[in-house]
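In what follows, structures are represented as structure tokens.
The two complexes that follow have chain A in common; it is paired with chain B in the first and with chain C in the second.
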Partner chain A sequence: MAIYSLYILSKSGGLIYQYDHTSIKVEVEKTFSYPLDIQLTEQNKRIVVAYGQKDGINVGHNLLAVNGTQLNGTSLEDGQEVMAFLANESNYPVSLKFGRPKLSTNEKIFLASMFYPLYAIASQLSPELKSSGIEVLEADTFKLHCFQTLTGIKFLIVAEPKQMNVEHLLRRVYELYADFALKNPFYSLEMPIRCEQFESNLQLLLEQQEKSGVNTV
Partner chain B sequence: MARPGVRATDAKKINSELFTLTYGALVSQLLKDYENAEDVNRQLDRMGYNIGVRIIEDFLARTSTARCTDMRDTAEKIQSAFKMYLGVNPTVTSWSSASDEFSLLFDQNPMTEFVELPESCLSLKYCNLFCGIIRGACEMVQLEVTSWFVQDSLKGDPTTELRVKFVKKLEDAMPAGED
Partner chain C sequence: MTIHNLYMFDRHGVLMYYGEWNRKRQSGMTIEEEAKLMYGMLYSIRNFVNKMSPVDVREGFQCYRTSKYVLNYFETPSGVKFVMNTDLHSQGVRELLQQINSQIYIEYCVKNPAYRSGETIQCELFKTKLDELVKQSPIFKG
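Moving on, here comes the complex of A and B:
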């Protein structure tokens, strides 16, 4: 049972709050000798595994660190390009760390605003009149639950497919939002939520929910 | 595990006197600041509006009510909101023939419990905050309404009567999937 993350979208579709609850860390560190037996390419200023899946290093994983030091985009700490470094036989053996990259804040905002038209399209595609938009979006590794309030705010929870009671949880998050964000006189509507009390109560709620989710299954 | 529909953290109850006195302090301060009762009415309405656009979320989150389909539905919900937030149960009466206008009658009003209006501010609408709250809250659920006081027990009328009139539905503000 796990709840991965929570998003709150304002009426106009902007991301006003995001919280990562449980993130699965996939990181593999391995020592390689020359020549490198996996193919790497440069993509969006990151070094990505293009081909050659082995020992838990999957296609799509990013290169995170070389010899224990974090990468700075596509270059090493001293400014040397990673690709050039790895092409040089004298640098071997080398220890490389691969993993799934975390979403950056910009990417999160981008994804959140992508969901907004999807939701609207879904409600228009419906063969029946007066359909809601997407309420559940299912994939084999997660389930996205969406709850839209009458005022147009959307609460999204990304959870494990087996996670129970997410609808109820969404309503509870709405209550927390009404209590701790809206009753804070220094919070202005439609703006990103930066309220500590909201965050701590939310954390508490999600932890409780995860525990109880285990009990009921 | 908290059962659905049961709040783990109940709405906190407070003594109405504290609330009444705080509101009194607000109105008297506004009277000092503005001197003119008309300006105070306007300010109270504006403050009410700002409260309304926030309080509606609280109301929806706690009651998980569905969208209103007609004005009678709306009247009932406004009535229940008064019960929830002020502990008063206003009566809904005097429907217009088009069913787009109704009155809320307050037998007792906790906001005016210790209040006597001085001669100098007879044009003051002491509870004008309510009008703003109703307007703001309805606007957030895509309903434009206006409301005003027709009777005020502070001014010698037998009861307090608040009239609410439907103006229009805000179709273009409807969130997708709700229209």
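Moving on, here comes the complex of A and C:
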């Protein structure tokens, strides 16, 4: 049982709070000889595996480090391009570390604002009368739960598919939001939430919920 | 339990087939426009799921539910997409979609030399067999 992350979206779809609770690191380091048996491409200033999954290295993983040193975008520490470095046979054997890219803050904002139209379209394409937007979105690796308040604020929780009682948890988070964010005189609506009390109470709540997995009101 | 409607898209996003059984609300646009909107939403959801997932996805997006209906999604490796809207209590819709793919689409469209891929499905046999299968399924009757 695990709760991966929490997002709070304002009425206009902007991300006003994000918290990563449990994050899973997917990283594999392996030594390669010439020529490389996986295909790499450059995408958005990152080196990405394009073809040839093996040993836990999957398509979509990013190249993180070469011979133990962290990459700087698509170039090595000394400024040499990685693709050129890997094409040179004299540099082998080489140890490469691959991993699933972690979301940057910008990407999180981007994803949050992407959810807003999805929610709206889901209600527009409904075959039934008076349907709400997406409440639960299921994938094979996670389940996303969404709770929209009457005032239009959306609370999203990304959790493991088997995690129970997330609906209840969402309402509890709403309570915390009402108590600690809205009652804070220094907080202005639609702006990111920066409030220590809110954060510490939220952490406590999520930890409690994860341990018990059942109602703890 | 009931089945509302079924969309089939090919890998380029062309609407191959649309079937409707118990639909209470129309979206107020033509079916072409609606299909484009639906495909666009699915495309975004697939992207969204890939990025949002904490670990590597295998099948990715499965379904979403609102307060009134469930949208079930099934995609074959060749990119044919099946989308079926059902009510909240339906179970085993994924298996039904797999059946529609293997027993109806493959049998009566792919194996039909007159069927041209990338076009709307015109085969009458496909339509009647699909209607039979859907109406026989426990999800439809219940």
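Assume the second predicted complex is superposed on the first by the 213 of 217 C-alpha atoms of A that agree within 3 Å, B and C clash if a C-alpha of one lies under 4 Å from a C-alpha of the other, contacts with A are read in each partner's own complex, and residues count from 1 in each chain.
Everything below uses one rule, namely that a residue touches a chain if its C-beta (ideal position, glycine included) is under 8 Å from a C-beta of that chain, and two chains touch if they have at least 3 such contacts.
Note that the structure is a prediction, hence the values are computed from the model and not measured.
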When chain B and chain C are modelled together on chain A, clash or fit: fit
Partner chain(s) touched by A:G152 [first = chain B, second = chain C, both, neither]: first
Which superposed partner A:V136 touches (first chain B, second chain C, both, neither): second
Partner chain(s) touched by A:A178 [first = chain B, second = chain C, both, neither]: first
Touching partner for A:L111 - first (chain B), second (chain C), both, neither: second
Touching partner for A:S212 - first (chain B), second (chain C), both, neither: first
Chain B versus chain C as contact partner of A:L103, first or second or both or neither: second
Touched partner set for A:L125, first chain B, second chain C, both or neither: second
Which partner, chain B or chain C, touches more chain A residues: C
Touching partner for A:V26 - first (chain B), second (chain C), both, neither: second
After fitting on chain A: smallest Cα gap, chain B-chain C, Å: 9
Residues of chain A at both interfaces, chain B in one complex, chain C in the other: 122-124, 131-133
Chain A partner contacts - residues on chain B that touch it in the complex: 1-2, 4, 7-9, 53-54, 56-58, 60-62, 64, 66-67, 140-141, 173, 175-178
Sites on chain A touched by chain B in the complex: 11, 119-120, 122-124, 131-133, 148-153, 165, 168, 171-172, 174-175, 177-179, 182-183, 189, 208, 212, 215-216
Residue ranges of chain A in contact with chain C within the complex: 4-5, 22-24, 26, 58, 60-61, 100, 103, 107, 111, 114-115, 117-118, 121-142, 144, 158
Footprint of chain A on chain C - complex, ascending: 4-5, 22-25, 27, 34, 37-38, 40-41, 44-45, 47-69, 71, 85, 87
